[in-house]
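Labels run A, B, C and D following the written order; every chain starts at residue 1.
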Amino acid sequence: MEENITNNARKRFHEIIYEADTFAGKLFDLILIFLILISIAAVMLESVVSIQARYGTALEITEWVITIFFTLEYLGRIIAVKRPLKYILSVQGILDLLATLPAYIDLIFPGLHFLVSIRAVRLLRIFRILKLGQFVGASNQLTDALKKSRMKIIVFLFSVVVLCIILGTVMYIIEGAESGFTSIPVAVYWTIVTLTTVGFGDITPQTPFGQFVSMVIMILGYGIIAVPTGLVTAEFMSKKGEADTNTQVCPNCSADHHRDDALFCYHCGHGLER
Amino acid sequence: MEENITNNARKRFHEIIYEADTFAGKLFDLILIFLILISIAAVMLESVVSIQARYGTALEITEWVITIFFTLEYLGRIIAVKRPLKYILSVQGILDLLATLPAYIDLIFPGLHFLVSIRAVRLLRIFRILKLGQFVGASNQLTDALKKSRMKIIVFLFSVVVLCIILGTVMYIIEGAESGFTSIPVAVYWTIVTLTTVGFGDITPQTPFGQFVSMVIMILGYGIIAVPTGLVTAEFMSKKGEADTNTQVCPNCSADHHRDDALFCYHCGHGLER
Amino acid sequence: MEENITNNARKRFHEIIYEADTFAGKLFDLILIFLILISIAAVMLESVVSIQARYGTALEITEWVITIFFTLEYLGRIIAVKRPLKYILSVQGILDLLATLPAYIDLIFPGLHFLVSIRAVRLLRIFRILKLGQFVGASNQLTDALKKSRMKIIVFLFSVVVLCIILGTVMYIIEGAESGFTSIPVAVYWTIVTLTTVGFGDITPQTPFGQFVSMVIMILGYGIIAVPTGLVTAEFMSKKGEADTNTQVCPNCSADHHRDDALFCYHCGHGLER
Amino acid sequence: MEENITNNARKRFHEIIYEADTFAGKLFDLILIFLILISIAAVMLESVVSIQARYGTALEITEWVITIFFTLEYLGRIIAVKRPLKYILSVQGILDLLATLPAYIDLIFPGLHFLVSIRAVRLLRIFRILKLGQFVGASNQLTDALKKSRMKIIVFLFSVVVLCIILGTVMYIIEGAESGFTSIPVAVYWTIVTLTTVGFGDITPQTPFGQFVSMVIMILGYGIIAVPTGLVTAEFMSKKGEADTNTQVCPNCSADHHRDDALFCYHCGHGLER
């Protein structure tokens, strides 16, 4: 019977830590997000020299308190779940561990505690709390469409990089070190800055011919941005289209492309087998 | 009978102020837009030191005359409408109030009268006058498509911000204060400037490794701009796609959204009248 | 009979000047484009101080020779066409006149002869020569899609301008003249530079709060670029869809959405009336 | 029989060099890519002054070793293939030759050996090795869609260039040499930098009117970027849309591209077999 109580306690504990449907679960998640926001703000402010001078100790204490809380939460999650190893090796488990580690690492290798900002990834769980279903659906659709067009995007971006290496070399030969194109890596960096239409302006072509090639690069960058956009859009669209009609064929008149929820053929009125 | 006259006067008043179909109504709206344009121009020019020195008094008088006109118009709208409270609390009512307030606020808190430029929002009513129907239709379609893809856009932009916090911290660790990355907030600001392909160039990476990470950020920003575009395009298209199904309702079971070429109800198999 | 000869001569003349299907017509158009290119190059090079010093006279002579040729061509077009007034008042007629005028204007108002570059518009006729049909088709599709989504784009761009006026005023209040935001017009200019992701970097926010608002503007600009893209894409797509099937209904079985070149119903095999 | 052995050897040789399905073929391609990467890295690092001073000789030796390997590979390909001339004149053959030439050219014309970075093009063959089919499919789809919308993109980009020539001249007249618009070619360069939203910031408008025209150019560039995107997206989509018609051929009149749900030929009315 004692075991039963422990089981119930663990169940309740699991509910609070892992789920966001009950009041306690929601509250827990809200506190978590609040602490993440505070710890990120603390890390950011700590890097501002004037604030560090005045409030340094307070910020450090805040960070440690939150780190200890996160450590306890991480241990709690391992206890609350039935298969601890599965959780530890899951994406979420690794992210949770990464959120606790940086402060400890800083004790051994000082200067790396800014990695605490990895915690920001955990902020994405905010969508779990606010109107759960809709946001989860939206982000699933996003990741699905990206996953599907992944290979085309990789081929495209890789081709862009190859193009930038060649054009960068050309610009290095044309402009040379006087205009700031001190080496090929720098020239390739400049080409990527230009082709992606970022355009810092720290390095700019000075010779007429260099400016001409720059114009070609810019027009090119302006034109080929259409490619990834077209890819992802096409994928989004095809997802939509598929959801609406299916490949079912009417057994009587062979009409197809029925609505997903159709019970009868839209053409001959014969019943459809589901 | 006197009441009747008042009623007629109010009706006519309502027509002039609220509608844009009659000549008087159109004229009223045109004068309003002309005054808004002048008052915005006045506020803008007032902020230019050389113009302020010469024409300061004239500009101030213009502003006050227009403000008084707007105040009278606001009061007129409250009188002309049947349910004043509904108008006051509507989006348009609040915008109309905001358009009159700044000048008065300036009497109490000097220096804030530049908020007069909030009046610019009222310029959007220009679409009400010029070929009413078409523009209203166009802007309705725009806001509809944006509303529908709202949640996906929020998820996307939030993920971008989280990504920028992490990449910004990495850049801060790599570059440090010598290159202008004086603190993490500044580094995050730089990352957003770079990822959105704005690229001011006030801060630029100086170390080879920093430039390498910048290239990755730029390629990333160039690639993921496809996502919001794909989202909104898909929403625009699906609006169009709805045209393929029609608004016919089955006379037997009341199911709707039938295919355009449907002869029988997809839900109950009853014949559809064409 | 003499009239007949004149008529034939005029017909031949018309063929050469207006059409690009015969050899003489093509040659004439090619010479024209070649001269336009040379005159544009001449105007451009003339503006480069070092070249002007050395080759100034030669460039000026070139320009005058071409201008006289264009004047003769313009007069020729008026003579060759049956309804001269219609040509003079057409878009092409006005462009042709504009291409001849600048050099003459320069005699009266010196310093304006750089307007010769208006001639560049005539370069677009290059598409008439190279594989006529395909390019004309492509550019027709382009202008059609733009015309259809014109009103939505106007509403969108106007809203962007209004947004920039308001955000620009806010930035002016936050940053002030020390950071380069010397007046509201300048601040609005900066906001447009930032929202459209151009990002010159001549003016940049210096205060932390100004940088925060900048981030919001940039994220906004990165997000809403999706809107015009979505609009135009949707219009392109709907054009495609329409071109392929039509609204014809089979007189026998009432099936619709037939291919444009269909002679028989795809569903019952009954002949379609064309 | 000896000939038979030579034939077998050549077949095996062909398999290794040209194909990526067998283990030996994959290994060969992997070594090739590894060498290309090293040689590109070597060329890039050589251009960095500090590295060149220290490791110059080592980098030069590396480059020559790889060049000799590439030369042998090129000769090997000519021997292994049945129609050497066809390979030599194919796109791949020319690229392979270009990958070996630069180092030799450098012996005759020193200073041009940076053209070795043309080798980067060969990196694209990486897609042949990793999950062959999928990447080839993806890149075929990409190039197909680009090929189809090629003419529209050319018309669009050409129109953009014409627009930039005219707007650049206007900016030159407005701003003049004091603001950095020293000549029309420079002003056109600035206009392209601005319209494509690159925005280096090395040249910026200083006069109020110049800034106003800049705003128009920026808003324009922000708006018309929608056009190439719309074009490519529509092409991607229509590729997908083709799935709605199928490759069935009418047994009577050989018409194809029937609707997926067609029962009778749209051209001759003959029944289609399903």
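Everything below uses one rule, namely that a residue touches a chain if its C-beta (ideal position, glycine included) is under 8 Å from a C-beta of that chain, and two chains touch if they have at least 3 such contacts.
To keep track of the chains, here are their UniProt names: A, B, C, D = Ion transporter.
No experiment lies behind these values; they were computed from the predicted model shown.
By number of C-beta pairs in contact, C-D leads when A-D and C-D are compared. When the contact pairs of B-C are matched by residue number against A-B, A-C or B-D, over half are shared only with A-B.
Where chain A (Ion transporter) touches chain B (Ion transporter), under half of the residue numbers in use are shared by the two copies, so each contributes mostly different positions. Using CA-based centroids throughout, the chain positioned farthest away from chain B (Ion transporter) is D. Mean C-alpha position of chain C (Ion transporter) lies 28 Å from that of chain D (Ion transporter). Those residues of chain C (Ion transporter) in touch with two or more other chains are numbered 156, 185, 188, 197-201, 225, 229-231, 233, 237, 257. Taken together, the chain B (Ion transporter) residues at the contact with chain D (Ion transporter) in this complex read 197-201, 229, 233.
On chain B (Ion transporter), the positions that touch chain A (Ion transporter) within their shared complex are 151-152, 154-156, 158-159, 162, 165-166, 168-169, 172-173, 177, 182-185, 188, 194, 197-201, 204, 208, 211-212, 214-215, 218-219, 221-223, 225-227, 229-231, 233-234, 237-238, 241, 257-259, 261-271. Chain D (Ion transporter) makes touch with chain A (Ion transporter) in their complex at residues 40, 43-45, 47-49, 112, 114-115, 117-118, 120-121, 123-124, 126-127, 134-135, 138-139, 141-142, 145-146, 153, 156-157, 160-161, 185-186, 188-189, 192-193, 195-202, 225, 228-233, 235-237, 240, 260-261, 263, 274.
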